[in-house]
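Heads up, the next two complexes both have chain A, just with different partners, chain B and then chain C.
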Partner chain A sequence: MTTDIGPPDYKTMIPPVVQRNYGKWLFHEILKPGVLMHVGESGEALYTVRAGSPRLLSTETIRAICEIADTYCDGYLRFTSRHNIEFLVSDKDKLEPLLEELARRSYPVGGTGHSISNIVHTQGWVHCHTPATDASGPVKALMDEIHEYFVTMTLPAHVRIALACCLNMCGAVHCSDIAILGIHRTVPKPDNSRVPNLCEIPTTVASCPTGAIRGDMKNKTVTINNEKCMYCGNCYTVCPAMPIADPDNDGISIWVGGKVSNARSTPKFSKLAIPYLPNNPPRWPEVVDAVKNIIEVYAAGARKHERVGEWIERIGWERFFSLTGIPFTDKHIDDYEMATETFRSSMQFKWR
Partner chain B sequence: MPTIELAGKTYEVDEDGFLEDLDKWNEEFAQAYASTEDIQGTLTEEHWKLIHYLRNYFQQFGIAPMIRKVCKDNGIDMKKLYELFPTGPAKGACKLAGLSKPTGCV
Partner chain C sequence: MAKSETPLLDELEKGKWPSFVTEIKKAAEKSPMANDLLHQLELSYKDRIGHWKHGGIVGVKGYGSGVIGRYSDRPDLFPNVQAFHTIRVNHPSGWFYKTDALRSLCDIWDKHGSGLTNMHGSTGDAILLGTTTDHLQTCFDDLSEAGFDLGGSGSALRTPSCCVGPGRCEWACVDSLDLCHHLTMNFQDEIHRPMFPYKFKIKISACPNDCVASIARADFSVIGTWKGDIRIDPAEVEAYASSDLNIQREVCDLCPTRCMEWDGRQLKIFNEDCTRCMHCINLMPKALRPGEEQGATILVGGKAPIVEGALLSWVLVPFMKLEPPYEEIKDLILRIQDWWSENGRSRERLGELIKRLGMRTFLRALDLPATPQMVKAPRTNPYVFFWPEDIQQEVK
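Presenting the complex of A and B:
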């Protein structure tokens, strides 16, 4: 069997109009929410229709998407880095029929420009063993409520929302305008009968960022200093015999102000806005309301092109908390020593 | 709890086939398990050298050795490691050696 063949060459799967104009594009326009036009030096144009997707797709849905692409796009489509579907239309006459077909099938078209595009999210209770919350559920609940921001471009700048179901932060929660992050609030409980066979004790001890875990070599297990534990769950990741999940106390924290682009200001990490909201499936109303509130206050106060983080830096964090009505608590004060703040986390610099 | 019968003996294992009670390991276990990890026939001297190295390291330090350490201490490279244990050092070699299942974001 041949191995290590890598993914198929992407150039074999791009539309002929892109092949011909590859690296020779002149400009692009957003014709309307979800519809882009790229024009090449040759004068040829590519029309892109962006539609939302729930990320978790059945094979049947993928076949349906392929069918649409066959009918209107000569079989060409792509997925974006936020898991939206892009139908790549070479024939302008097929643009409107495609939009009608998508409307008929209830595919939301949007996610371009100053909108809220798809939510980058993770596995949650669908597949992972370390989550403190679900992913697909809160994402659906939230996108239902902020759907208008997906299909319009009315915000001051684009607002990136991401969700991670535990502190591993798979995805982009640490660098998003609004981030939804699952957290625990109780100390893990080592199962002394299982630790010796399931866990590498030195690895478990070393996994703790606060040094709260000590090896108990006599009993081949570990002990936890409850006063030092801040419930990150890292030890459970390396040692399955110390579960941390707690349905009554697990929940969601909200973070704001991150960005990755270098436009106007340097990239930023998201910062804590709300330390805890309960898990309240299936609609997570507290989380949805909190995020909507932040979006609305931001949209009312920010200047054009100003990202959430830039807006907060302009008005100051005190004003952010007073405008949004979010209480500022002792939980907001960073008590973890990290030097990264002193590093340049940006590509903005000058050659000598 | 799932069990597996190897060479006439029953062992308690997890869903991935790792020993539940590490003290139950013996050489027949390793040999009988080899075929499920894509190793043909009897284990060679090279296999045993690695298995005993892993066991000794685990007993001494309480952890499985890093891959670089395995290669350096045994004078082999990753390619050779995969020739010996086609399913890899973690899933293949550690399982046969009766070490705890690798954890983390694997």
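Presenting the complex of A and C:
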């Protein structure tokens, strides 16, 4: 048994053309949606074909991808930070045949430039114990509907979409142009017979962001102040005897306007657009329609290079709500720690 | 024809986007585990609720992390996923693979697990989805024979990840692939044996476009940048001017500091005002390049909302040169981890601890100077603390 060997050395995984031009790339061009050309100072070119992936892959599909990479890419490929597959082609003559093969096998090619690339997402009902919604299902339903935006580059700027199935927000949900977030709406129920054996009471009390949990030392359990609980589920993460999932009240909230790059404006958090939509498997039509509506209103109104968050900051939030037709509610007004920073302390606003 | 047992999931095999249901079904042809996963997921779709119990503690000898334990709450219906653990496998820097390496991963996983994976988890690991407790050790042994090791989980250093950087990007200001590999190897102990108050993530992007979302998804964010002037190739600027790019409107007017001037023939950049946002370089990659003195900005504290609210990493070291053997950055990481281990409460992320004790305490512990680059603006409230040595002590 050997331990602490770490990952394979990337130097053994990069194609010869990358080895030769490593750190000496001069420029790149997007030849067409999903196809990039990087040219090194040496004049040599590397062609990249980016294909969409469901992220959850069977070994059989990975082998099929390997076969394609063997035929057209001398056995080299990579995955992107948004879970797309990139075929790395050094022989230009193999580019078109590769694209034809991918088309034959129905792999979508795209995700470059001003497009909607893959949705960064999480486990959901496939593997996690704290989700308020599924991950793979809503992602598939949405990507089917907005497929055109993946294979073209017609938007004002990139639109990054991410999904997390609970408030732990594994992934990039808090900084995406459009974010889909699973939420609960009911208070967890401590199971007094199991809490004493399964949970550490001080840890459970400390897990609550709003101080809603009190230790009941006499009975070795906890009590929850329902008025203070906003159903984040963090107490359940540390104490399995406090189940919170509720089929009729769990669902999805939609957030907008986040970004991580520094281009033009500084990175931004996503902000609440829609507080609740129901879980409606297998195709989550309410969620798909809501996201499509936001994309379409943005695409029609934003200026070139304007990310969703930059567009909203230019037109103002009141215009965002009137243009999208999304109702503004008391739930949109922050009531956590730094709430007052989000209030409008000025006379500058629009009537709608 | 027999009625399908998974009518809800079958709907998700339709449509143009590649289907995860098709993937599960492919694996289910060979694996009873994948087959039970499929049917349990169908039940979740019907019930609109998850069917996994809280994970127990499982793992491999010598390690305290790398495996996520998971058990079905309906083992009566789905005995093959009674235990269905995830193994996190540390990916090569930049997610570059040779097909023979990927195939060996597939062979090992078909032998020990469900045949299902995530390529990749959002921290970066290759995720092997679903195996039983008694396969964990043998699977690990086979993995390490094939040159793969586990990634992090729990209150440990999580698997570092990075952008494609100098492997295929002309904007890379640091060797993100090499630094990522170097730090991963250097901190093997911290990755495999949880010893911190909570999780700790490192992500490296080689320029401010931040393609691994390091500022949002890491406690310790390394983002490439430069000092000095943006390199301009006037001939290429002219080529852009005669293309359909409107340099005034699309480049100069969108520059956040308005530090560019375009007179229709010549592009001038007043570099002392440039904040290196990347916008002009993104739009004119053939004409503009990052400056020659390259390094990185180190930012700390990024995290998701639980418990105290979401944080984006903020500037700690405005500029650091990063060259092998990377002593300065390794030393900084160690000093931060020491301070956090000493002062952090259980399950308190670094960002929350700095918020609780204050930047001034943190900077003093690290022996780093306060600089204006650390703040968007100085404080507005007058509740200012002074150190004892700042004030005149009483004369006895």
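Assume the second predicted complex is superposed on the first by the 337 of 352 C-alpha atoms of A that agree within 3 Å, B and C clash if a C-alpha of one lies under 4 Å from a C-alpha of the other, contacts with A are read in each partner's own complex, and residues count from 1 in each chain.
Everything that follows uses one rule, which is that a contact is a pair of C-beta atoms (placed from the backbone, for glycine too) under 8 Å apart; a residue touches a chain by one contact, two chains touch by 3 or more.
Given the structure is predicted, the values throughout are model-derived calculations rather than measurements.
Within the superposed three-chain model, A:R55 lies in touch with chain C and out of touch with chain B [touch as defined at top].
Touch criterion not met for A:H332: it reaches neither chain B nor chain C.
In the superposed model, A:N168 makes contact with both chain B and chain C.
In the superposition on chain A, A:T203 makes contact with both chain B and chain C.
Of the two partner chains placed around the shared chain by superposition, neither chain B nor chain C is touched by A:K271. Of the two partner chains, chain B and chain C are each touched by A:P240. Which of chain B and chain C touches more residues of chain A: that partner is C. After overlaying the two complexes on the shared chain, residue contacts for A:V260 are found with chain C alone; chain B is out of touch.
Across the two superposed structures, the residue set of chain A contacted by chain B and also by chain C is 168, 203, 237-238, 240. Across the complex, chain A meets chain C through its residues 1-10, 12-14, 18, 22-23, 25-28, 38, 46, 48, 52-63, 65-66, 69-70, 75-81, 83, 85, 88, 106-108, 120, 122, 124-131, 134, 136-137, 140-141, 143-144, 147, 150, 167-175, 203, 206-209, 232, 234, 237-238, 240, 245-248, 250, 260-265, 267, 269, 279, 281-283, 304-305, 336-338. Of all the residues in chain A, the ones that touch chain B in their complex are 168, 196-203, 215, 237-240. On the chain B side of its complex with chain A, the touching residues are 19-22, 61-64, 100-101, 103-105. Contact residues on chain C toward chain A in their complex (touch as defined above): 8-9, 11-12, 14-21, 23-24, 26-27, 34, 37, 41, 44-45, 47-55, 61-63, 68, 70, 84, 86, 90-103, 105-106, 109-110, 115-120, 122, 129-130, 141, 144-145, 147-149, 161, 163-164, 166-170, 172, 175, 177, 181, 184-185, 188-189, 192, 208-217, 250, 254-256, 275-279, 282-283, 285-286, 304-310, 312, 345-347.
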